[in-house]
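Heads up, the next two complexes both have chain A, just with different partners, chain B and then chain C.
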Partner chain A sequence: MLFVIVTGLATGALFAATALVYNVMFSTSKVLSVTTGHIPMLGGVFGAYAISGLGLPWWLGLVAAIAVGAAFGWLTDVVAIRRVLARSDEHLWLLSTLAVATMVQQAVGLWWGTEPKPFPRLIPQDFTAGAADQKFWLPVALAVVMAAGLHAFYSRTMYGKLFVAMSEDAFAARARGVSTDRIRVASYVLAGALGGLTGFAAGQLTFAYFALGLTLTLNGFIALAVGGLGSNVGALIGGFALGLLNAFASYFFGGEYQQTIAVGLLMVVLLIRPEGLLGSRNVRPV
Partner chain B sequence: MDARGIAVRAGFALAAATLPFWAGDQYQLHLATLIAAYWVLIAGLNLVIGYSGQLSIGHVGLLSIGAYAFAILAGKAGVHPALAVAGAGVLCGVAGLVLGLPSLRLPGFYFAMATMAVSLIVGEFVLAQGDLTGGGVGLPVPSFPAPFDSPVGFYYLVAAAALVVTLLTWNVARRMYGRGLIAIRDSVVTAQAVGVPVFRAKLASFVFSGVAAGVGGALFASLQSYITPDTFHFELSMFFFVCIIIGGRGSILGPFLGTVVLTALPELVSPLAKLGNFFYGLMLLLVVLVVPEGIGRLFEVIRERFRPRKVESVPVRPDLPRLARAIREGGA
Partner chain C sequence: MKFRLTKLVSAVAVVASAAFAAPAAWAQNTIKVGWLSSLTGPLSSAAIAENQGVQLAVDEINAAGGINGRKIELLTRDTAGDPTKAVNFAQQLAFQEKVHFVIGPVNSGEGLGATPIIAKAGIPNLVIGALEELTDPIKYPRAFRVINTNRQWISTANDYALKKLKRTKVAVIGDTTGYGTASARTATTLLESAGIKPVYSVLIDPNKTDLTDEMQKARAAGADVIMPWSAATGLLGRLLNARGDMGWDVPVVGHPALMAAQIRKLLNKPEYWNNTIGSGYVSTSFGEDGKLPAQTQQLVDKVRAKLVPGGGEIDILFWWVAMGYDCVKIIEHAIRTAGGTDPAAIQKALENTRNFKGVYGTYTWGATQRDGFPDSGMVANVANTFKDGSFKVAR
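Here is the complex of A and B:
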């Protein structure tokens, strides 16, 4: 039973971290990017490649994962967001980010192979550690630290306050002299770096697997929608709830119905509280 | 419809009707049948994506339900294939209704995610219910009885189904109902204001697309003659989606051309087959960034851009005598 709870917390932390990445991008651009789940995938794959493939020390692998994630975030903005937002058709960003997501997944699949490959141990530890294994507590610690760090960033720093200003009213922020385009690019790079970090920390849980992206995009989104769009605490709650629910469902009913249960949770929450647990009611639907 | 439009359609109809006689080999005929089976689904989906603007990226789930329903009904239960096709269509229509009732109320991205989740759920379910669907091993699918048991006969059957679905969607698209769907796509508020029953129209078109997906799935399964969960991977959904977006939203000919080109191109140009989805993604990205109207309207867009601008000068000639008269008569 302890093992079920720990597994649920760890996968929940992964979903929560993905939901936080969603939030960072959503705050400045009001775009829910389909590429969100693919950033941790890239972090995991490139982390494993740097450490196992190139034989670099773990901290260089971490740097590689973060750098690749940040570069991909920047690329997403340049390719899929910038021109589309300028044209302001509300459906187009969904299509363009979906296109980028498909392309990056296929490219990684061709280069890395379609089999999940093991992610190297980061901290020397025996495989007999059971529930105290690093693959469980690393993602959990990361998700909590990430949420706390984002909170500090939003409330303590000038840049963070600019993010908040843009998320509340982009036009007003622009009128006050905020370079909204530059802030948006910064948010995408930040989201990419955080996503790469997530993929690196959760790598031992998920393996370095090219098709991880779509599942994470979906589950991270469910965590976000359950917790409330735009709320970081909500993302944590939603992610952990979803992860625990998944773990207990597969413990009691077998692992075949995970997706069904996740979507069931989403539907129930959307029916009862359409704005999510901690979302604000006046969030405009996208 | 102008004369050129009729000529184009007549040309297509003639080419499709005579295809078994000029197709080079069996494989090309198979490809043409595959295009027709895809088109049965895509024509229905076109009403959802192209006309009412609901971005369903999970239609492969419905295709899968249709295919498995046909395989189980016609293969295991021994129902006549024609009835099994009808059964698959009805079942998928019901599935579309069940899926559409909650998810069509959701805004864009939520809807897309819900449909994507459904395609994953169906995949899970197929794997979980192994004794019904054969699990990961798959299921053999019976072929149709004579005269549709030969490749040529089956081609005509699928082409006829494609024609029927096309006519149905065309009838919807060109009349009031289709205009209503376009209004929903372009502005929900405006559509509501002019009295379009928004939710009912969306739901009806979605259920119709479900029925089309069921029939298409049944024909597709019979064409493949053996189905496994891997046949219905998520990328297939992406393919349907790209066909419609590339062809251009709000047209029937455009998505049809998109289906033909995107199905045939990777088969004829082998390097593209290896790239597969990368190629679809790239096409989608290019279309979204460069011609959001779709390739089908590419020529219109280019012509519009390079047409020499006529500067119209309309000199204003005041009607002086009338003005003078008006002043004389005291402004009355």
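Here is the complex of A and C:
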């Protein structure tokens, strides 16, 4: 039973971290990028490649994962977001980010292989540690630190405040001289870096697997929608709730019901509270 | 003016059709074999290995002058493990290219979509997916299976667990994919017909990150053997890790994917691969004298340079290569027996095939029997004895 809770918290933390990454990108561009789930995939795969394949020390692997994530975030903006937002087609970014996501998944599949490959042990620890195994606690610690870090970033740093300004009213921010394009690119790079870090921390849980992207995109979105778009605490709550629900569902009912229950949760929450648990109703004064 | 134009046009048409007919007539002379292979995507490792076997056999036959003077033209189509692509390519091969044979698809999932299409075109099809529904003497009269059936995998494992190891409390573990669900169900049915009711039965999402819960439940239910029926290497790796981390020395007997080299890399410790048995083949097992059957060794030597550029040990399952090779050899046998590529004659030739000796197996089909791999070709293998593509027999 202990393992159910611990597994639920760990996978929930992974979903929560993905939801946080969604938030960072959403705040400046109002785009829910389908590539979000693929950033942790890249972090896991390149982290494993750097440490196991190239033999680098763990901290260089970490740097590699973050760098690749950041680069992919930047690439997403250049290829899928920049020109699309400049046009007036409302939701074309859905198609363009889906295209980038598909391309990156297939490319990684061709290079890395389609079977899950092992992610190296980061901290020396015996495998009989059971529920205290680092593969559970690394993602949880990361999700909490990320949420706290983002909060400090938004409230204490200049760039963070610019992000908040853009998310509240992009036109007003631009009118005040904020370079909204540059801020948006910066947010995508930051989101990519955070996503790469997430994938690295969760690597021992998920293995380095090319097909992680779509499940994380979907589950991260469910976590975000349940917790409320734009709210970081909401992302944490949504993520942990989804992870625990998945774990309990498969423990008591079997693996077949896992997906049904996850999406069922989303539908229930959206019916009762469409803006999510901690989201804000977008009311525009007229 | 009009009269002359019509004459000119018809003259051009005659010349043009003659020009097209000549190469077409020449092209008719080759034997076109369609090869639906998932060279990228899921199960690509199997397909790539099978492709090596297929290419080798085609090259060998063409170098010796072809079959009755006709060379084999191999039309390879990468389905990427996607049933939609498999169906599209099957249609293309059957109705546009008008191939004489189709080998594959590799994945059972793709096969479920593509086999009916090939059957509708009346083209002989060598089936290399294990799911039972892929052959049917009435629905698909020209589909002949080369690989063993899923049932044969399951029976081999059950026989080893129940008769050799004398276990009675079985835990059946499947995954939530179509293959896993169907296999777990078949495994349970076969166990029950042997008088054993599983003490624990579960279906697990193939991407579930930790299997400690399920293994603990199996132990609590008193299981004395774990039988997994999943082809998902991630899930099987985690299952063995959970068993090892728990310190539980229960035998794991099941799907041949347990013996795949990728599993070894996913294990926390190499000794977690001990006490793990998978269904395997006599043709790729080392005998008491430590040697492979002569035909298998011959093929290994022929193809080693292509499988491992630069020399070294083969690290994929060799039966894949042998099976691909045999598919082409079976086509050769069918054409020689039938005296041509007429589909009805091919069907008769294959139906009358008894004990055709290939490298992977010795095949027998019949008027109502479309599964050609013999039960006697199956054997239980020990997973951690993997060496150079083959295994030791589990005793």
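The rule we apply is simple: the second predicted complex is superposed on the first by the 282 of 286 C-alpha atoms of A that agree within 3 Å, B and C clash if a C-alpha of one lies under 4 Å from a C-alpha of the other, contacts with A are read in each partner's own complex, and residues count from 1 in each chain.
Here, contacts are C-beta pairs under 8 Å (C-beta built on N, C-alpha and C of every residue); 3 or more make two chains touch, one makes a residue touch a chain.
This is a predicted model, so every value here is computed, not measured.
After superposition onto chain A, the partners chain B and chain C occupy overlapping space and clash.
By the touch criterion defined above, A:Ala132 lies against neither chain B nor chain C after alignment on the C-alpha atoms of chain A.
Applying the stated contact rule after C-alpha superposition, one finds that A:Ala141 touches neither chain B nor chain C. Using the contact criterion defined above for the overlaid structures, shared-chain residue A:Pro118 touches chain C, although it does not reach chain B.
Of the two partner chains, chain B and chain C are each touched by A:Glu256.
Put simply, more of the residues of chain A are touched by B, taking chain B and chain C as the two choices. With both structures placed on the common chain, the touch criterion links A:Thr11 to chain C but leaves chain B unconnected. In the superposed pair of complexes, A:Leu205 makes contact with chain C only, with no contact to chain B.
Of the two partner chains placed around the shared chain by superposition, chain B is the only one that A:Leu214 touches, whereas chain C remains out of contact. In the superposed model, A:Met267 makes contact with chain B only, not with chain C. Of the two partner chains, chain B and chain C are each touched by A:Leu110. Working note: chain C versus chain B after chain A overlay, options 110-118, 164-172 or 362-370, clashing stretch identified as 110-118. Overlap of the chain B and chain C interfaces on chain A: residues 106, 110, 215, 254, 256, 258-259. Every residue of chain A that touches chain C in the complex is listed here, in rising order: 3-4, 7, 10-11, 106, 109-110, 113-118, 127-128, 130, 135-136, 205-207, 209, 212, 215, 250-251, 254-256, 258-259.
Contact residues of chain A toward chain B in the complex are 32, 79-80, 83-84, 87, 89-92, 94-96, 98-103, 105-107, 110, 214-215, 218, 221-222, 225, 254, 256-260, 262-263, 266-267, 270-271, 285-286. Residues 53, 55, 57, 102, 106-110, 112-114, 116-118, 120-121, 124-125, 127-128, 234-235, 238, 241, 245, 274-278, 280-282, 284-285, 288-289, 292 of chain B touch chain A in their complex.
Contact residues on chain C toward chain A in their complex (touch as defined above): 40-42, 44-45, 81, 175-176, 181, 202-205, 207-210, 212-213, 216, 233-234, 237, 241, 244-245, 247, 262, 265-266, 268-269.
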